[in-house]
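All chains are identified by letter, namely A, B, C, D, E and F, in their written order; residue positions are counted from 1 within each chain.
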Amino acid sequence: MQTLLFLILFPILVACLLLFVKRTTLRYAVVALSALVIGGASIYLLMQYALEGAVYFAAPSEAASLAMVAIEMGLALFIVYMGAKFKNYLAIVLAVVQAALVVYLETTFSGNLHAVNNLFIDQFSIIMALIIGIIGSLIAVYAVRYMETYHRHHPEVRDRQTMFFFVTFAFLAAMFGLVFSNNLMWVFFFWEITTITSFLLIGYSETEEATKNAFLALVMNLLGGVAFVVALIFLAATEPVSGGIDLARVLASGDAAIILIPAALIGFAGITKAALMPFSSWLLGAMVAPTPVSALLHSSTMVKAGVYILVRFSPVFAGTFTGFSIGLVGGVTFVVASAIAISQSNAKLVLAYSTIANLGLIAACAGVGNYMLVWAAILLIVFHAVAKSLLFLGTGAIEHRVGSRDIEDMEGLIVRMPKMAVMMFIGIAGMFLAPFGMLISKWAAIEAFVQVPFGLVFIAILAYGSAVTVFFWAKWMGKLVAVTRETERVEKGFFEEPWAPLYIITGLVIATVLLFPVISSTLIEPYVLAIYGVTARLAQANVGIMLLMIALLLILPVSFLLFRRSAKHLPAYMGGRPATPDLHFAGSLGLTREVQTRNYYLTEYFGEAKLFLPGAVVCTILILASWVLAGVAL
Amino acid sequence: MGIFQMTKTVLRNLAGGPVTRQYPAVPARTCPLTRGHVTIDPATCRSCGLCSRRCPCEAIRIEKEEKVWEIDRMRCIACGDCVEGCPFGSLTMEQEYLPPVVEHVVERHTITYVKPEKPEKKPKEESAGESA
Amino acid sequence: MTVNEEQTTISVALEDLVREVEGLHAGGYRLVQIGCTDIGGAYEVNYSFDKDYQFKNLRLTVGPETEVPSVSGIYWGAFVYENEMHDLFGIPVTGINIDFKGTFIKTAEKYPFSVTRLGGDRCRNA
Amino acid sequence: MSTMAFLKRSPWILHYDASSCNGCDIEVLACLTPLYDVERFGIINTGNPKHADILLITGGINELNKAVVRNLYEQMPEPKVVVAIGACAATGGIFRECYNITGGVDKVIPVDVYVPGCAARPEQIIDGVVTALGILEEKRMKMSGAAQTKEETRHAVGEST
Amino acid sequence: MPERIVVPFGPQHPVLPEPIHVDLVLEDEKVVEAIPSIGYIHRGLEQLVQKREYTEYVYVAERICGICSFMHALCYSQGVEQIMGIEVPDRAKYLRTIWSECSRLHSHLLWLGLFADGMGFENLFMRSWQLRESVLDVLEDTTGGRVIQGTCKVGGVRRDIGQEKLDEMHHTLDPFEQQCRDLGDVFLNDETVKYRLQGLGVIGKDEAYALGAVGPTARGSGVPVDIRETGYAAYGDLGFKPVVETAGDCYARCAVRVKEVYASIDLIRRAIDGMPEGPLDVKVKGTPDGEYFSRVEQPRGEVIHYLRGDGTKHLARARIRTPTLANIPMLVKMLPGAQLADVPVVVLSIDPCISCTER
Amino acid sequence: MNWLIGAVLFLILAPVAGGLIAGIDRKITARMQGRVGPPLLQPFYDVGKLFEKENVVVTTAQNFYVLVYLIFIALSGALFFAGGDLLLIVFAFTLAHVFLVLGAYAVHSPYSHIGAERELIQLMAYEPMVILAAVGLYMVTNSFYVADIAATTVPAILYLPGVFLGFATILTIKLRKSPFDISTSHHAHQEIVKGITTEFSGSTLAQVEIAHWYENVFLLGFVYLFFSWNPVIGVVAVAITYAAEIFIDNVTARVRWQAALKSGWLAAGILGLGNLAILSYMMLGGA
């Protein structure tokens, strides 16, 4: 338990410390050191509890709960203040409603608000903790130099770096708390903290757009928060059957019908946090935040809280129509967001859409909730966190170097920033190519959905969704590997240190792929086994084949040495036109033109304008349906 | 109407077998009028130079003194104007096409015509009406 | 006669050209061609029109270096002929809608049909 | 390396119309069609210099074409052969005196086979390509010989460094 | 601004039998800007008129283009005859008509093949060209040349077609027409062909007229302009109605040409039937002095030879305005909005004859 | 060790079979066009010729990508004939194709680039149907393993006629046949020159060609799975399917990419999913 408490409290300490650190070098030292500590602690956690199964701790409750309520009220006041300041009354209304509901909950059901154990740890929590502890802290390290450069590039933005790092570490603490809490009240508290941190960090640059998007995120997340409280009230009210606010007891509750309604509500909260449709817009808006924020909050950790809670509740959803429709929300989000990603050329937006899509896929797995799907969902969480954070950080580094986050401007990165290009390549490959992680999960998901009644719908979604996924990732990859001629290398001379987190995360991507059988057998399978009594695993032969593929991919670049010698170089074919190496040609009207190779965006067919509305409508209907179905089941 | 309008032709082709002319196993198709290449009968050429003057691409050159009749096959467009214009019938249009060559050379013929005792110049003047 | 066809030719002054062409355009004529001829020190430019096989010709005579206004504002397709006029004859035509700037027909020697071989590059479309 | 001469059995052609009057041009295309069907000899009209072995050029070279023809020739991998088809490609033909005609193709790139005629008939073009095959084979032999010596010298150099 | 792809299209390009160059600016695959540039076949043969005698120039005129070869010779000869006031014998006029229509047949079949090829319909290309070969055989049998006939001259024609050959031609016309109709059915009715052609490159009647379009390109848009209606050669005797379609898209332009194939077969049939006896040519004396705009309907549309003689045996000026030149404005208007895959189809739909255009 | 034999046999024999199929294809195509056509062994001559040519590149990287393409195509084909997991094989195939696409991107030339984009569109067009076909076979045979599917006694085609037709549709894309040969074509004349293979020449192009042979054999193997309960019928059906593809190739014009994508997706959506929906309804009803 000490490790758990340490992981929750230590980041808060660091956060407070960072409030007083103004110099970048010192901050870097503090952040790097604490990252090391947090990462080490989460690995220690792994070693400590990996083989244990679920362990529960009766942490001090009374005082902590009281403090939490107090902080919650404080936060509500803060939101009201901010809402009044920026004239966003919806946020005020939601904050007030939420606070009122919390007060109501505290006063009416105070007797039922005791969990037997407030903290717990199991393999799933370990996985989440590893993601938060390792990837999260690496991103924090990266952020130090990034923010320094950010301010150099954006002199107009007020330097609030102390606040930035305070919030970042507070966020890490909240995330740890969220995944370790067995008391749903605690979960809710940490949940709200993440909402606020996200709000603060999105609005970091204080531009009009940033503020607007921050409030958008806030409002949507508060909406989920309200649903969460309602679920808590419901659970508290039905404590004898549902198990109250004790997560373990709720999940083990005998009467599935009773907890289906709170599950659906918490599922809704998860949907808002995971930015599934129709709430995807807040995550897209969040891309105005500095890139480490996008990496930390909006791809690898915070949004994962949404799917974390869904996966936690998936045994409740399993086999119900409520779960099915929540799963469909995820499924529709997956296919629609993937399709829209085709039409985006802004790298961060592509990453955001892809994040939304993958969260949708995880939600689909969690909603349908059979044991194989839960296995696949957790695997997806792992691979996505690793690969996506790499991509975000890479995009940030490229943006600072190239001056643009447009994919088209990354053309020829392999020539200009070879190391970066290779890392991006690995990250993208991690997102959709065969021996890499995401694909394994998709594959497992297909195999699982076949066995589920009406799973065909999901198979169709997966079939189309992965097809479009291939398109937008591969064309990005293509841009990176295009060997442009006569372009200068811009890799050196910029900030040195942030490469370290990038290298480590790249290593992690490869490591997770190579080690995923181990991850699966030590962490995921025991968890699934504990919950369902059965577990999924990949066939030994297939694992072997995938390792063979990885090995080939690692070995084949050696063949470059073979080609370097003999080949004769010729310029590209230009219709017989004499071509210069930089692809200029004498065009019509006496103009000299340059060949432009741009990716296809198919906006006419896959544009945001075309697809978002139908997707959002379908998802809204499905969410409403999930409530109705939960009600009917009752 | 329909998506497979070509079916009829395809089936007919499959049934009927290929229509290909098996050149070079089978010689090229020619007809009596085919303009293949020009040949000269050096024995009847009187070096009047009309062919050379008429030739639209100056492929024919005549050197009266040296009694040489030259044709650049790579310039000749086989229009047949020289044949039509030759007052002595020395030139004929053969049907055979010339084979490709790897080197561009001008073909030379030595005129072997020997002036007979009584020269007849009248008909030549007549047919070359446009000389002016 | 092999063909029985009326062909009328009207001489037109440079300043009247655009007006005359507009008149023909309003009269429903289509532009058949614009062609130049070197008439020894000057150019004769023929603007040919046709309506129901009535062949009509506007004939403009200009000296070298004289700027000729483009009629591409009236007949959109005139740019091909006018670019050709420029590229082969070196007649400076002003205001062509699609100006190839001397690259419409690129020749080994510039303005092969020009009487002066000077061409009008310098005064085109200032 | 290989002594099998596949090259002779699979000559892929690239056709470029350098200011021809279309006469020879369409006869080249006619060679592909059922009546002449040059695919019998494994000939494919690739339309892409990077894939081609034989460059068929019709028509004389004009100002703009010079660079194009040179570029196409350069883009073709060795061994390669150029066939000039028709009187114009050989010498400029009837257009020899035109102000914009530089002359035959050999003014710009080396020509291996000349096919006479105006317009050259499909049969003549087939003959031309067949003649070209012999030259192609010679060049291949020369090339593999050269490659071998090059390889040897490289090995020698590689060992010394 | 959306991302734009800039691609050089041509001059060497497998779907373009002739070198033309287009700078394509694409959004995805949609063409947003396409400016053609020409000049790859410009030889400058108009100037040859000052170096060749006016009777010899007909050989040059024939070689303006190897597809419309006969029509160029005819147009040139008619122009000179007009200037010199020569009346050509009737039989020559009829023979000229037959050869003209044979040329049109072979040109249209050639175009249909290339067009099919542009749509990626290889078999249809093969079939069209296979049919074209039978026309070429007739041309070779009657003139001695497959593509360059060399049979038209100032004052008449150089060769006759014997009665025997005329009868044979007449006999083969029926089966040939049937084959052409089978071919035409594919072009006009096949769904994939329709999918590629309909609604593509639409130019309305008024716009086509204003752009000065000629030939099938104009007739596909409903502009009934066909110089054969002026009754040159034997067209005046044979009676003639142009084929007109109104849709103005690539399909309509294709339909015009398909139907013109049928019409040409019919014209040949009637010309053979009405073939008068008589001499083939008249003696040409003197030198041309005067000017004339000679107009002939080529397969691609109205061609104009402006000939000007100054009383010497060399003409002072021959200015040749070919149909493709007149159709280029149409092309420039048609390309934007099409898909990249449609570019060859649209370009081919005006039946560009670049060697004509650039002379 | 059966699986090993299957894989090794595939690796050795597939190029031979694929080349022969290509030869037969070209011969039949020629006959359908009224031509004599090339010799039967022409594809081998072509590839042999390509190996004799000079090695010319725009960038050396292109050779690497094509080599990976070839190896992964061969690997996934070998997995197929070793009786491996169909889904894994499908994904390995996608991986291979992505490398071909990357090769085309790497050369950074206009036509190659457009070819690459189109290849990706094709990939997007056929991927759903391939997955659905695998799922369909699973629903009938209860296994994703090719070995199990091939050994089944259930006539899969009777349960999966729609899926089979859908697969036949995308087979046209995969075989690069008209009307869907949009990214590169066997026919010479295409608006994007040679599309994705424009800049590949010599031995690199030969590798692409060999990979294509491997791929064709794999695809025909996939077709066979629908008929695997009876080997004789299976082989005949494969032959007929291929002949039908040649026929389609010869009677259609090439369509635009929109139609290719739409066809692929509609085939998957209507033929594939429709069939599977009925099938799962039947199974639910039966269970």
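By definition in this document, a contact is a pair of C-beta atoms (placed from the backbone, for glycine too) under 8 Å apart; a residue touches a chain by one contact, two chains touch by 3 or more.
Since the model is a prediction, treat every value here as computed from it, not as a measurement.
Looking at chain D and chain E, the chains in contact with each of them are A, B, C, F.
Listed here as common contacts of chain A and chain F: D, E. Comparing per-chain C-alpha centres with the mean over every protein C-alpha atom, the closest match is chain F. Distance from chain D peaks, on a Cα-centroid basis, for A. When chain pairs are compared by contacting C-beta pairs, A-F ranks highest. In terms of the distance between Cα centroids, chain B is separated most widely from A.
Chain B and chain E have CA centres that are 27 Å apart. Averaged Cα coordinates give chain A a centre that lies 68 Å from the centre of chain C. Once the centre of each chain is set as its mean CA position, chain A and chain B turn out to be 81 Å apart. Each chain gets one centre point, the mean of its Cα atoms, and the points for chain E and chain F are 43 Å apart.
Shown for chain D are the residues that touch two or more other chains, namely 16, 33-35, 37, 40, 45-50, 62-64, 68, 72, 77, 93-94, 99-100, 118, 121.
Residues of chain F found to touch two or more other chains are 30, 32-37, 54-56, 110-111, 113, 188-189, 193, 198-199, 250-252, 258. The multi-chain contact residues of chain C, meaning those touching 2 or more other chains, are 98, 100, 103, 106-107, 112.
Interfaces, counted as pairs of touching chains, are A-C, A-D, A-E, A-F, B-D, B-E, B-F, C-D, C-E, D-E, D-F, E-F.
Of all residues in chain D, those touching chain E in their complex are 14, 16-27, 29-30, 32-35, 45-49, 59-60, 62-65, 68, 72, 93-95, 97-101, 118-119, 121. Across the complex, chain E meets chain D through its residues 11-15, 17-19, 39-45, 47-48, 51, 59-60, 63-67, 69, 110, 113-114, 125-127, 129-130, 132-133, 145-148, 353, 355, 358. Within the complex formed with chain F, the chain D residues making contact are 2, 4-7, 9-10, 12, 33-34, 37, 39-42, 44-48, 50-51, 53, 77-79, 140, 143-144. Within the complex formed with chain F, the residues of chain A that make contact are 411-412, 414, 433-435, 439, 443, 446-447, 450, 453-454, 456, 459-460, 462-464, 466-468, 470-471, 474-475, 477-479, 481-485, 539, 541-542, 545-546, 548-549, 552-553, 556-557, 559-560, 562-564, 566-575, 583, 595, 597, 599-600, 605. Of all residues in chain F, those touching chain E in their complex are 32-35, 110-111, 113-114, 178-179, 181-182, 185, 187-193, 250-259.
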